[in-house]
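All chains are identified by letter, namely A, B, C and D, in their written order; residue positions are counted from 1 within each chain.
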Amino acid sequence: MSTVNLSTITKSFGSVTAVNDLDLLIEEGEFFTFLGPSGCGKTTTLRMIAGFYYPTKGKVKFNEKDMTTVPPEKRNTGMVFQNYALFPHMTVFENVAFGLKVRKISKTETKKRVGDVLRKVRLDQYIDRQVSQLSGGQQQRVALARALVIEPDILLLDEPLSNLDARLRDEMRTEILRLQREYGITTIYVTHDQVEALTMSDRIAVFNFGVCQQVGTPTEIYNKPVNDFVAEFIGETTLLPITYEKTFGEKLIFHSDGLGDSIHVSNTELNIAAHEENDDLIMSIRPEAIQIDSNHGENNVFNGYVSLVQFTGASVHTYIKINEDITIRATDLNRGPSTYFKEGTEVSVYLPEDQIRVIPKARE
Amino acid sequence: MSTVNLSTITKSFGSVTAVNDLDLLIEEGEFFTFLGPSGCGKTTTLRMIAGFYYPTKGKVKFNEKDMTTVPPEKRNTGMVFQNYALFPHMTVFENVAFGLKVRKISKTETKKRVGDVLRKVRLDQYIDRQVSQLSGGQQQRVALARALVIEPDILLLDEPLSNLDARLRDEMRTEILRLQREYGITTIYVTHDQVEALTMSDRIAVFNFGVCQQVGTPTEIYNKPVNDFVAEFIGETTLLPITYEKTFGEKLIFHSDGLGDSIHVSNTELNIAAHEENDDLIMSIRPEAIQIDSNHGENNVFNGYVSLVQFTGASVHTYIKINEDITIRATDLNRGPSTYFKEGTEVSVYLPEDQIRVIPKARE
Amino acid sequence: MAGGSSEEGSKSSDGGSGSDSGKGLEEKVVVYSPHGKDILSEFEKQFEAEYDVDMEFLDMGSQEILDRVRSEKNNTQADVWWGAPQVNFDQAKDDGLLAEYKPSYADALDDMYHDEDWMWSGTSITPEVILYNTKEISAEEAPKDWDDLLDPKWEDEIIIRYPLASGTMRTIYSSMIYRTYKDTQSPEEGYKWLQKLDENTKEYSANPEIMYNQVAKGVGSLSVWNMPDTVMLAEEKGYPFDYVIPESGTPVLTEGIAIIKDAPHPKAAEAFYEFVNTKEAAKLLAEKYYRIPTREDVEDLPEWITETDIKPMEIDWALFQEKSPKWMEHWDNKIKNTEKDKSEE
Amino acid sequence: MLNAEKRKTLYLLIPVLLILVGYVLYPSIETLIKSFKINGVFSLQNYTDFFGPKAAANLQALWNSVYISLLSVFFSALIGVPLAYIFNRYDFPGRQFFSNIAIMPIVLPSLVGVMAFMFLYGEAGLVPNFIKDVLNLSEIPFSIGGVSGILLVHAYTMYPYFYMTTSSALNNIDPSLEEAAYNLGSGKSKVFWKVTFPLLTPGLVAASLLVFMVSMASFSAPFLLAGGYRVLSLQIYFSKINGDLEMAATQSVILSVVSISFLLFMRWYQGRKDYRMASKGIGAHRSEVNNPLLKWFMVTIGIIAMVILLLPHVTLLILSLVPEGGWTWQTYPQQFGLENFILLFEDPDIWDPVKNSLIMSVLACAGVFVFGIITSYALVKRSFIGKNLLDILVMIPWALPATVVGMNLILAFNEPSPFSFGKVLVGTFWILPLAYFVRFIPLVVRSTTAVLEQMDDSIEEAAQNLGAKWFYTFRRVVIPIIMPGVLSGTLLAFVQAVGEFPTSVLLYTIGNRPISIEIMNQLRMFNIGQAAAYGMIQVGLIAIVMYIAYKFFGVKSENTL
C-alpha cells in the first residue's frame, strides 16, 4: 500500500556501476516486474528499495516520504532473497514465524497464519524440519512463505520461483497474485521467466547494464518494443537491419540488404517505433507471426528450406534458411508429429506487413 | 563416455524415503533429463551418482563397473550443484581452474581453457573478481563453467540455468549440447523448465515422490504420457474423468459425467494409453489442440463462454467455461491484440478425436 | 605453580677449599638454588676462576627444587642443592634424595645447624621478626613481642603472607602453636592465639611482593617476616621498613646445602659445597646479601648482625614436620576467615 | 563393510588417537590411578575423604570454582562478543588499529600482569587513588580484591577467547541472513539476539568451554588476589604442598570431571541445531553504515576500550621504568629511568630465554596447528563412534590444571616409553615443547571446530567432484576457509606458549629456560622493576610476532584476532 519512487538512482561498487541513473515510479498496489539479463542490476535495485544498499546517488521514496536512509527494519517490506537466506538454526516453522514474532502477534494467531501460508506453498507436512533437510525448491518456498506471511506494504521478490516446477510455479503465482490483490500490496518482482513476467505483471521494466530500457504493460513491451534489445530480450524474434526506402500509400517500404529485397510494412504506430532521423533501423518479426507456405501475393515472401525442426511441447519451431546469413524462425502450435515439416523441405515464408515492427538499434 | 546404471536404488533419510526402488539405464553419450515436482528426489539421485550419498539399497554402476562405494573424486563426474557450492575464498579464475589444477594441467593450458570456458558463459571480463562480488546468475555460470571445463565422463547438472534469463539460457543450452555432443559426455540434467527438457533431451525420466513414472523421448513423454500425472506435469492439459462406453468402428466412445456427453476418440496407440481393466480412465487434451468456433460436425463439440484471456507472449490462452465445474483451456498463437477473444463471448469448442489421449490414473 | 618461596639461604665460615683440588674434578657441576641470579652469578664467576669446572645453575624456589629433585629421581640432573629451609632438606632426606657429606668446616658448626647424618648442613640462619612500616608506626609504638600483635589497636593493620604456601609463615604459625603445645600437648591454645591474630589481620597476600607492597603503601602497617629480607628491602630497595625481634624469642630457620644422591658430578659437587661456605664467602654473603652465617668462626660481620641479640626459640623440628600439616589444615579450614582475603572491600 | 568414507575416517583417526593416547591419556592415567590409591594401596578413601570429612572445605572450593568459572564465562562474553561485533561489523576510522589492540590482554605476562593489576586497581592502586585525589574523596572509591578481583582479572585476560572466536565466526556468517531478519522488521537488538547470536553458537560454545576450563584451573588470579578464597585449583596446590599428592590427584580428577561435564553439556546444547551456512550461492556484502553519530559513537567506544585494555600494559611499562626504591610507599612513582633495562642488558645471557621461548613456542605451535586442524576436522566432519570420547580426550589438557599436566608429563616421561621413542624426556630440551604442544591442543581444536561447524558441506563435495583427492581438497579448500579460526587459535596458543609459566617451572632445564622463568626469578629477588622490564620485552616480542604474522601471512587481525 505504498508507491515506490526511485529518482535518479545510481549505485556503484568501486569502479563497477551496477545501476545507472534510474528513474521509476511504481504505483500503489501495482505488480511491477524487473526483467533483464543476468548481472544487469535487478538485485541491486531491489536491495536499495529494501534498504540494504545506500544509493551512491539519488533518492528512494515511499509515498513521497524520503526513505533513502531509513533502516531496513522500518520499511515494512517483505523480501525473498535470491539466495533464500533462510535461518539455518531454525525449523521451517520458526523461519516463517520470525516476522510475526517480531510483530508481537499472539502465539495462536502465529500458529494459524504460519500453518495457512505453509499450506499455500505446499509445505505443511515439513513444518518441523530443519531447513538443511529440505530440497532446493522446498527451501525456496520457505523463503517465499516467510515473506508472504507478514503481509508487508511492499513485496520484493527476487526470482522467488526459479527452482520450482511449472505446475507449482503456476500455483505459487496464483497465490502471490491473490495475496497481492487482496491486500493491495505493491509488488516488485524479478524473474527470468518471460511467461511469468508477461502473465502476472501490471507493468514491466526492462533493464540492460544498469540502464532501464523500457517501462510498459506486458502487451506494450511484447508488441511494441522500443528498440532491438527489448524486442530480442522479450520473446523470440528475428531481427534484420533495414534501411528506409520510401513511403507508398499506407505502407512504408524498407530495404533489407541481407534478404536483398524490399520489405513492406504497414505505417501504424504499432508497426513503426518512434526513432530519430539518424538511428540505425532494424525490423523485428515474431516467429509466431510468420506463415509458411501460404499464398499471399508477392510482397514479403521469401524462399528457403527447413534447416531444423524443434519440438518444444505446445509449439514447434521451424527454422527456415533463406540464405547463408539469414535463418528465419517460425513457430506453430503442436498438432502432433505428423504435421511437423521435414528438415530440408523447400518452403516459402510470408512476413505479414502488419506484424513487422521497425525499431531503432539500442544505444549503448 | 560412460553408461550409468542405477539398479533398485533406494535412499532414505531416517523415516523419509527420498528415492524409492529406482531402476535406470542411461546410455553412453546420452542427454538424459530428470523431471519432477519439487522434493521428488532428483537432487538425491544425482548425489548418489556423484557419490555423495550411499544408497540405502541398490547399486550404482558406470559401464557395468560397480561404483557404489567408489569415492566421489574417483568417479570423474562434473556436477553443478543446486546451490552452486562455489569456493568462497577463490576468484572466478581460481574456482574454474580448480579441477584443472587437480588434473595437473599445465599453467598455460589451464589459463587457455579457463579463458575459453568463461568466454562461453559470458564471464570473461569477470575473471579476477571474487565470487562474492557476482550477481546470482553470474555465480551460477561460474558453477557451470567449473563443471564444464574438466570435460568429465559424466556431467551432472542440477538446475544449472535456473537463474539465467531466457536468452542466456538459450546460449548456455547450446553450449552444453555442443560440448556434450563433441566429447560424447553422458549428461544427466535436472530442470524445471519444460521447454528446456523437451528441446535438449534424448530421453526424459519423470519422477514423483521418489518413484519414476515414465522414461521416454521428449515426444513420447509429451504426446504419449502413460498416466495423468505425467500428462499434467509436462505441458498444459485439461483432464476429465471418463468411462468407457463402447467401440464404434475406428473409434472408441467414452462418457464424461462432467460434460454430460459422449466423447469420441480415435482408437490408435497414440490416443489410447496402455491400461488395466479396472484402472480409472481419464482423458487428456492439450490446449493447443482445441479449436474454437470451428465447424466440425457435432461430435466432441461443446458450448461455453470465454472466462479469461491470458497473454503469454508468443501465444494466448483462452479459458472457456463449459459449466460450473469444467473450464477448458485453449491456446493459440499470438497474432496481435486484435485477434484476442473478449471475455464473456459465447463460443463453441471442438476437441479433435485424434488429439485426445485416454490414460489411466496414476497409482499412488 | 606460582607463588615461589622467598626463603633464602646463606652460609658462612671458612672451609678447607683449596686451589689444590683443581684436578680430578668433573668438568661441570649443576646447582639448584633459590639464591637468585646475583649471588649465583657472582659465585659462578669465582668458582669457575678457581677451578676449571663449568658451573651451571637453575634458579628456583626451594619447594620447586624439592619437587624437581623428586621428579628427576630416575634421571638425576643436579649435583648440589644450595639453599632451602631445613624442613625441605628433612623431607628430601626422608625420600632418600640426598647424599651424605661432611664438610671440612664441620667443627665450626653448632649441632643445631646440621643434619645428624650430615645429609645437609646449614649455611645461614634466618630469624623471624615483626616487620613494620616506619612511615605509619614509630619505633616506640611498634609491637615488641608476638602477643602484642593481638592488641585490638592493630585491627586491620596486619598483612600476612598466605601461610600455607610459605615456609617462613608455616614456621611462625607452627611455633606459635608449639609455644603452648610443648607444655600442654594440645594445640588448642595456639589455635586460639591464631584466631585472635586472624581477627586483626587485614588480608592474606598471595606472595611476598604483594605483602611488601601492601605494607609499604600503608594498606596495612604490620607483618611478620624474616630478618634478612626485611633488612635487605630497607637497605637496598628503599622500602620504609624496620623490624622488631620479639622479646620472648623467635623461631630461627636454618638454610642449608646438600649433595644430591647419585649426583652425576660428585667430586665437583663436593668442591662447590666447600667453596660456598668458606669464611670469605660467608662474609661476602653477610655483607652483600644479608645472610647471617651459621659458622661461628666468621669475623668482622656487619653491625646489624653483631648488634642484634637474637633469642632463638626452642623448636622440635621433627615434631613440626609431623604435626604442622595437620595444624595448618586446621587453621585453613577452621580459623581462617575467608572474608579476610581481599574480597569485596 | 568398510567403505571409502569409513576408511578415510580411520586413517584420520589413527594418528590423532596415537598422539592423544600417547601424550594426553597415558600421562593422565597416572593421576587417575593415584587418586584411587592411599599409600600405594588401591582404595576409594580419597573420594570418601573429598566428600566426607574434608567435605566442607572441598565442596565449598568446588562450588566457588564453578561459580567463579560461570561468572568468568559470562563477563568474558560480555566484553568479548560486543567488541568483536563492533570491530567486525562497523567501518569507522581506526577500526583496524583498535581491533589489534583488542587482543593485547593475552600478551600480558601472567604473573607480572596480575601484579600490574594490583598496582592499578588495588587498595593502594593508581586508579582508585587517582580518582580519590582528583575528586578529593576521603576514601578510595573502590579497589579490587577477592572475588571481584578474580573476576576482573579473568574477564580481562580471558575475553580474547570470546573476541577471537566470535570474530572469526562473525566473518563466516552470510550477511544476507541478518538482512533477511531486518527485512522482516526486527530491530538491531532483535536481529542480534535472534539471528546473529544463535549463529555464533559454535564460536561461543568454543570460547565458553575454553574460558570455563581455564577459570576452573586458574591459579595465579585467585592465588595472588584472594589468598584465602577457596577454589579447587588452590586446594590442589595446597594439598600438594602439604605433601598429600593423592588428595591432589583426587581433586584434579574431580576438577576435570566438572570441566568435562560442562563440555558435554555444551556439545549437547550445540548439537540440537544446525549452523551450517547453506544459502544458495554466496552473499558477502558488508552492511554499510553511514550514520555519522553512530560512527563517532563507535570511535569513542574504541578509544575507551583501548585505554582500559592498555592500562595494565602501561602500568607494566611504568613499573619497568621506575628504578629500585622509586615506588615503594609512595602512591605515585617518583622517578623514572632506564636503570632496569640497563641492568637487564648488562647480562650477556639476556636473550637466551627469549630465544628459547621463541623456538619452543614455534615448535609447539607448528605441531598444534597441524594436529588441531586434523583433529577438529575429524570431530566435525566425520561420523564415527566415540566422538564424545575423542572430544573429552582433546580437552583433558585444558580441563586439568597446568601444574597437574606438568606433573603428569614428568611421571610419564621420566622413564623410557614407546611414546618418547625409548628415551627419558624429563630433563631434556624436548619436554617443554611437548608440554606446550599438549597444553595448547584444546585451544586450536576448539577455535577450528567453531569455524568448521559453519562450513557448508557441499563446498567440500564440489572439490571432490572436481576430482580432488581428500587431502588436496582439505589443503586447498577446507583449510583456507577455516584459516581464520585456525590461526586465531594458533596465535593464541603461541602467545600463551611464549609466556607459559606453570608447566615450564616444573619442566624447564638449564638448556631451555623460558622467559617466564626469568621473570619469576627476578620477582623472587624482589626486582619488580627488572621483572617488569623483562615483561615488557615479552610484550614487545609478541607484538612483533603478531605484526609479522599480519604482514606476511596476510592474517587480517579482524579475522584472526
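The definition used in the following text is that contacts are C-beta pairs under 8 Å (C-beta built on N, C-alpha and C of every residue); 3 or more make two chains touch, one makes a residue touch a chain.
All figures in this text were calculated on a predicted structure; none of them were measured in a lab.
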item: Between C-D and A-D, the pair joined by more C-beta contacts; value: C-D
item: Gap in Å, rounded to a whole number, between the CA centres of subunit D and subunit B; value: 56
item: Euclidean distance of C-alpha centroids - subunit A vs subunit B, Å; value: 21
item: Mean-CA-position distance for subunit D and subunit C (Å); value: 36
item: Residues of subunit D engaged with two or more neighbouring chains; value: 278-283, 285
item: In subunit A, residues with contacts to at least two other chains; value: 82-83, 136
item: Where subunit C touches two or more other chains, by residue; value: none
item: Chain-to-chain touches, reported pairwise for every pair that qualifies; value: A-B, A-D, B-D, C-D
item: Interface residues, subunit D side, partner subunit C - complex; value: 54, 56-57, 110-111, 115, 118-119, 122-124, 143-149, 219-220, 223-230, 237-238, 240-244, 324-326, 328-331, 347, 403, 407, 410-411, 414-415, 424, 426-427, 501-502, 505-506, 508-510, 513, 517, 520-526, 528
item: Subunit B-touching residues of subunit A, taken from the complex the two chains share; value: 13, 16, 35-39, 43-44, 82-83, 133-138, 140-141, 158-159, 162-169, 192-195, 198-199, 218-219, 222-223, 232-236, 270, 286-289, 310-315, 331-337, 354-355
item: Residue numbers on subunit D that touch subunit A, as the complex places them; value: 174, 176-177, 179-188, 190-191, 194-195, 198-199, 201, 273-283, 285, 287-288, 290-291
item: Contact set on subunit B toward subunit D in their complex; value: 50-52, 54, 69-73, 76-79, 81-89, 98-99, 101-103, 130-132, 136, 139-140, 146-147, 150
item: Sites on subunit C touched by subunit D in the complex; value: 1-6, 30, 34, 36-38, 56-61, 63-64, 67-68, 71-75, 77, 91, 133, 135, 162, 164-165, 203-210, 212-214, 216-219, 229, 232-233, 236-240, 325, 328-329, 332-333, 336-338, 340-345
